[in-house]
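Heads up, the next two complexes both have chain A, just with different partners, chain B and then chain C.
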Partner chain A sequence: MKKNKAYLFLLPGLVFLLLFMIVPIILTISSTFKDQGQISFNGYIEFFKNKYFIQVLMNTLKVSLMTTLLCIVISLPVSYYISRIHGRMKSVLIALSVFPLLTSAIVRSFSWMIILGKNGLLNEILMNMHVIREPLNVLYTPTSMIIGLVHLFLPLMIISLVGVMENISDDLVQAAESLGASRFVAFRKIIFPLCVPGLIVGSILVFVGSLTAYTTPALLGGKQQVISVYLYQNAMTLNDWHAASIVATIMVAVTFVIVGLMNLTASKLNPRGENS
Partner chain B sequence: MSLLSLNHVSVGYGQNTILKDLNLNVEKGELVSLLGPSGCGKTTTLRLIAGFLQAKTGQFLFNNKNYTRVPINKRHFGFVFQNYALFPHLTIFDNVAFGLRLRKMDKKTIEKKVRDILQIVNLNGFEKRFPAELSGGQRQRVAIARALVIEPDLLLFDEPLSNLDANLRIAMREEIRRIQQELGITAIYVSHDQEECFSISDKVAILNHGMIEQIDQPKAIYQYPKTEFVAQFIGFKNFITCTKRDIHGNEAVFSTTHGKFRTKMSPGTKSETSLKLAIRPEDIELYTDIHSDTTGENFLTGQIQLSTFLGKSYQYKVLTPLGVFHVNCSSETQPLAVGTTINLFFPMDKLVNVD
Partner chain C sequence: MKQSNPVLAIFTILTFIFLLGPLAIIMVTSFGADSYLSFPPKSLSLHWYQHIFETEGFLSTFKTSIIVSIAGNLIALLIGLPAAYGLSRYQFWGKKFLNSFFISPLLIPGIVLGFALLKYVIVNYQFSIYTGLLIGHSIIMLPFIIRVIASSLANFDFSIEEAAISLGASRLATFFKIVLPNIRSGLIAAIVLAFLESFNNVDISIFMTGPGVSTLPIQMLQYVQNYFDPTIAAISVLMMLLTAALMYFIERLLGLSYFTKN
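Our next item is the complex of A and B:
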């Protein structure tokens, strides 16, 4: 059999993707550059003049960035621990850490509402312990959005990091320690730089996920709008598909820019990504 | 007082005890090798000394200080790993400088020390490369340089040459010995290769099941193994079980069911109950003409069962009333046919009494 013929097997998948993904994306994007049959950038200019939209965009970026950073901070020790143990305990911990992905976004968000609400669990506990006198306003703030998103996307970061950390041999840490490094320094100077590829993959997944998430910010964000909710309102409530398409295009562009920036950082941090 | 002493140390993984009652003393400036069959606990011993493993019982003294619970990074020992364990994301320079930077030395000193040590291991000019861009032998030398540059109080080698080809192995072991002596570093060296251990060590320790069977100078071990295990391990293939031992001055006469064997008393006289004699295949002499000169003390008659060509020599399997003996004879002479009746002679200075 000729080697070229093997590509035939890719054909069904390619046709499917072309028809149902590439073509609609191109149609959506190209439609944003048209105004009454003529090519124009008016839609974009108006959008970027709109203070409210800029605020929503910034808000979204801030929330996504915070979510990503928090996921990194929480995942580093957790993933390191999981990557160093063996046997059944390891499978159990991995299963537990992906658990949030298995529950519905609505159920998850409602649980956070119960916990974070004005008369919720958190405030009740803190008031009973006399830590605070007035109930905290956590729900329907960026904080509650970030909490919900971290909960949702932590598994992606943990799994990405466990993947790279498993391939880092114990000998490297022991070599560093025998040269005088404490556990912490060995982690910072050896494990962390070798994790950068996984860190980048995890960050891209979490960041893009947070940027485009709808249910969690819609339920936990209250009046605090993010770009996906804004998009939904334009399309479904205001029935302004032209505006919605422009928002969608901006989201795609922002995503590409951020992913590109992350890859750039990665190649700076870790000139030789390979572990040997 | 020895520089390093392990006193009645036991170590294990989980429930599994690997080292039961280990005792080891190493003097300052010595290179001591650990030699033993696979799985006997050589790596475990090194890892214990380095601090990667904790002793369950016993005590580890170093420089008269109790090191049993001292953390790895406070021990100041160098460790050369079998798989090198170089940091893949750092250049050769940064790999070697790693330990120095942790010691907060100034930039100039670090640069000088790294260059000097790379000079010693013959790797100058490689500073900017990454480990993945070096050959196995070069990585090995980086690993040694990285451990040496911190001027450790003790250098630990775990089969450092096992991944190299035979020629490079010989060159590198001479290099290691030269560096160790030049810098006066105390070292413990693990290897599978007996020749390697014997050629570079001041002392060799033979391990079996987590115990040291014998520790001595290489020549002493080679000539006078103390136990049957050690003898077997270093190439004594033939053993004679005797029934009685009589000592006459510095000679001993061993009686067997088929004749008597006279030997020199080996240093460190064995107890009354050690009635085993050992000899290497190449030390037995073989006579085809049987007459009164070739019978009597230290002679044994037998029949050739099997002949194997080994290159330098023929090895004969000879069946005698005292069991099967392996005898090596120069391959320059005409080989003997299977079935030939022959006389074996056991020179008294080659016959060793073992436990």
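Our next item is the complex of A and C:
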């Protein structure tokens, strides 16, 4: 009896998600394999022959990869620092990382428009210091997109890593140091391997997040298109729903492959194996 | 613990300047008097705050955003609360799969979900744009509601519930008088987090705009693409104040350590 009750509690949610999420997405995906009532892959063949689309896809992957790498490199020392301090300062730093996370992506991208624009803060400072004569064109380039995305996702990475590093006992580090390891060696050989699973979870969040982000590339990317902006334009500006559905399918496929691969790596690296 | 490394401390400070500096710059520019964005502003005024209320669209889309976030939240609660309860209370076949299933809206790219909703829920199922907006926002709020409430229920001792039932209370009365009060802080935090997620959403809402229907973030996005004056900076400051207030609220209820635990 109890077993049936559980399903009863889950039923409304299941029906809701099936009807309004799963079915629409599956229909969107399946519609791309049909051409005048017949199964066909022509849409995809044309898409992958299209140089512009390949460029958009590559651009997106490159920007997402750079964003993820930068987030890893910056968040490792910062999270390590936060996880090793105690008391008030620690809560303040965690609060300061959570705040941007809950702030609108439009607000955060907009701030970089003020800074990176042609008459923006960065150019003003650099020109006043006579570092440059002509204003730099940073806004609307892949670089500005990467800066915006790192700004967007870094807090997520810091917070995921602090959670993992907090569970690593101070004693382990002290033991290593008392046995003669330098602080850096202790970090590299003790802390780092222990936070690899957390690092992978954080990287999935950042990579998939950057891959599918719309607001930041739309505001900071200019003509440099990424796949999500490309989907939107096909759907809403060009009204080509078939093309938009193909882009949507490719996005879902890429996301699932990446999440799957990273989960697989995480479960292999995690000695307990189960909670990846 | 030994004195912490100064290089590490400086690097951390620089990182936080990178994270928060841009937000501080927005705040300062919002008080500028010029009709273009400048930092630091040459003279100060509250003109752009006034301009928010004089510009058509911001107030009405703010209203839509609030209604959609609150109504969507109610739908998500209505579906999510029983689901979180079922997932925490019972052991059953397929539990692990269903757990991930309810979190899956987080995994599906928002822009794909938005497009699929437009294509099928609005065009095929013939729902109104407003209803589509509401459905879309309920979907993205569901994982937050379920995850936060389920983690509260994980700390709840269900034997208390059984005690109440064996003493003659009905199941429903037990749920409202025993279970809910015990997970109150988790419940409120779930509502607040889901609200922020919905209120800031762009990916779904951008496909669900029509005559008279649009949300504040979409209105902001369109404004930024056409004008470059401090109005958006002023709205941003108001939104950050709202975020800070809600965050303070969550901190009181759950403690911010909640975020590092996930």
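A few notes on this one:
Just so we're on the same page, the second predicted complex is superposed on the first by the 257 of 276 C-alpha atoms of A that agree within 3 Å, B and C clash if a C-alpha of one lies under 4 Å from a C-alpha of the other, contacts with A are read in each partner's own complex, and residues count from 1 in each chain.
Criterion: a residue touches a chain if its C-beta (ideal position, glycine included) is under 8 Å from a C-beta of that chain, and two chains touch if they have at least 3 such contacts.
As the structure is a prediction and not an experimental result, all values here were calculated from the model.
In the superposed pair of complexes, A:99 makes contact with chain C only, with no contact to chain B.
Residue contacts after overlaying the shared chain place A:264 against neither chain B nor chain C. Of the two partner chains placed around the shared chain by superposition, neither chain B nor chain C is touched by A:132. Looking at the shared chain after the overlay, A:180 reaches chain B, while chain C stays out of its contact range. Comparing chain B with chain C, the partner in contact with more residues of chain A is C. Once chain A of one complex is fitted onto chain A of the other, the partner contacts of A:194 are limited to chain B, with no touch recorded for chain C.
By the touch criterion defined above, A:171 lies against chain B but remains apart from chain C after alignment on the C-alpha atoms of chain A. Residue overlap on chain A between its contacts with chain B in one complex and with chain C in the other: 177.
Considering their complex, residues 50-52, 71-73, 75-79, 81, 83, 85-89, 98-99, 102-103, 130-132, 146-147, 150 of chain B touch chain A. By the touch rule above, chain A contacts chain C in their complex via residues 2-3, 5-10, 12-14, 16-17, 20-21, 23-25, 27-28, 74, 77-78, 80-82, 84-86, 91, 93-108, 110-115, 117, 119, 121, 124, 151, 154-155, 159-160, 162-163, 166, 170, 177, 183, 208, 211-212, 214-215, 218-219, 228, 231-232, 235-236, 241, 244-245, 248, 251-252, 255, 259. Residues of chain C touching chain A in their complex: 1-2, 4-5, 8-9, 11-12, 15-16, 18-20, 22-23, 25-26, 29, 36-37, 39, 78-80, 82-83, 85-87, 89-93, 95, 98, 101-102, 104-105, 107-113, 115-121, 135-136, 138-139, 142, 146, 196, 199-200, 202-203, 206-207, 217, 220-221, 224-225, 228, 232-233, 236, 239-240, 243-244, 246-247, 251, 256-257, 259-262. Of all the residues in chain A, the ones that touch chain B in their complex are 169, 171-172, 174-182, 185, 189-190, 193-194, 270-276.
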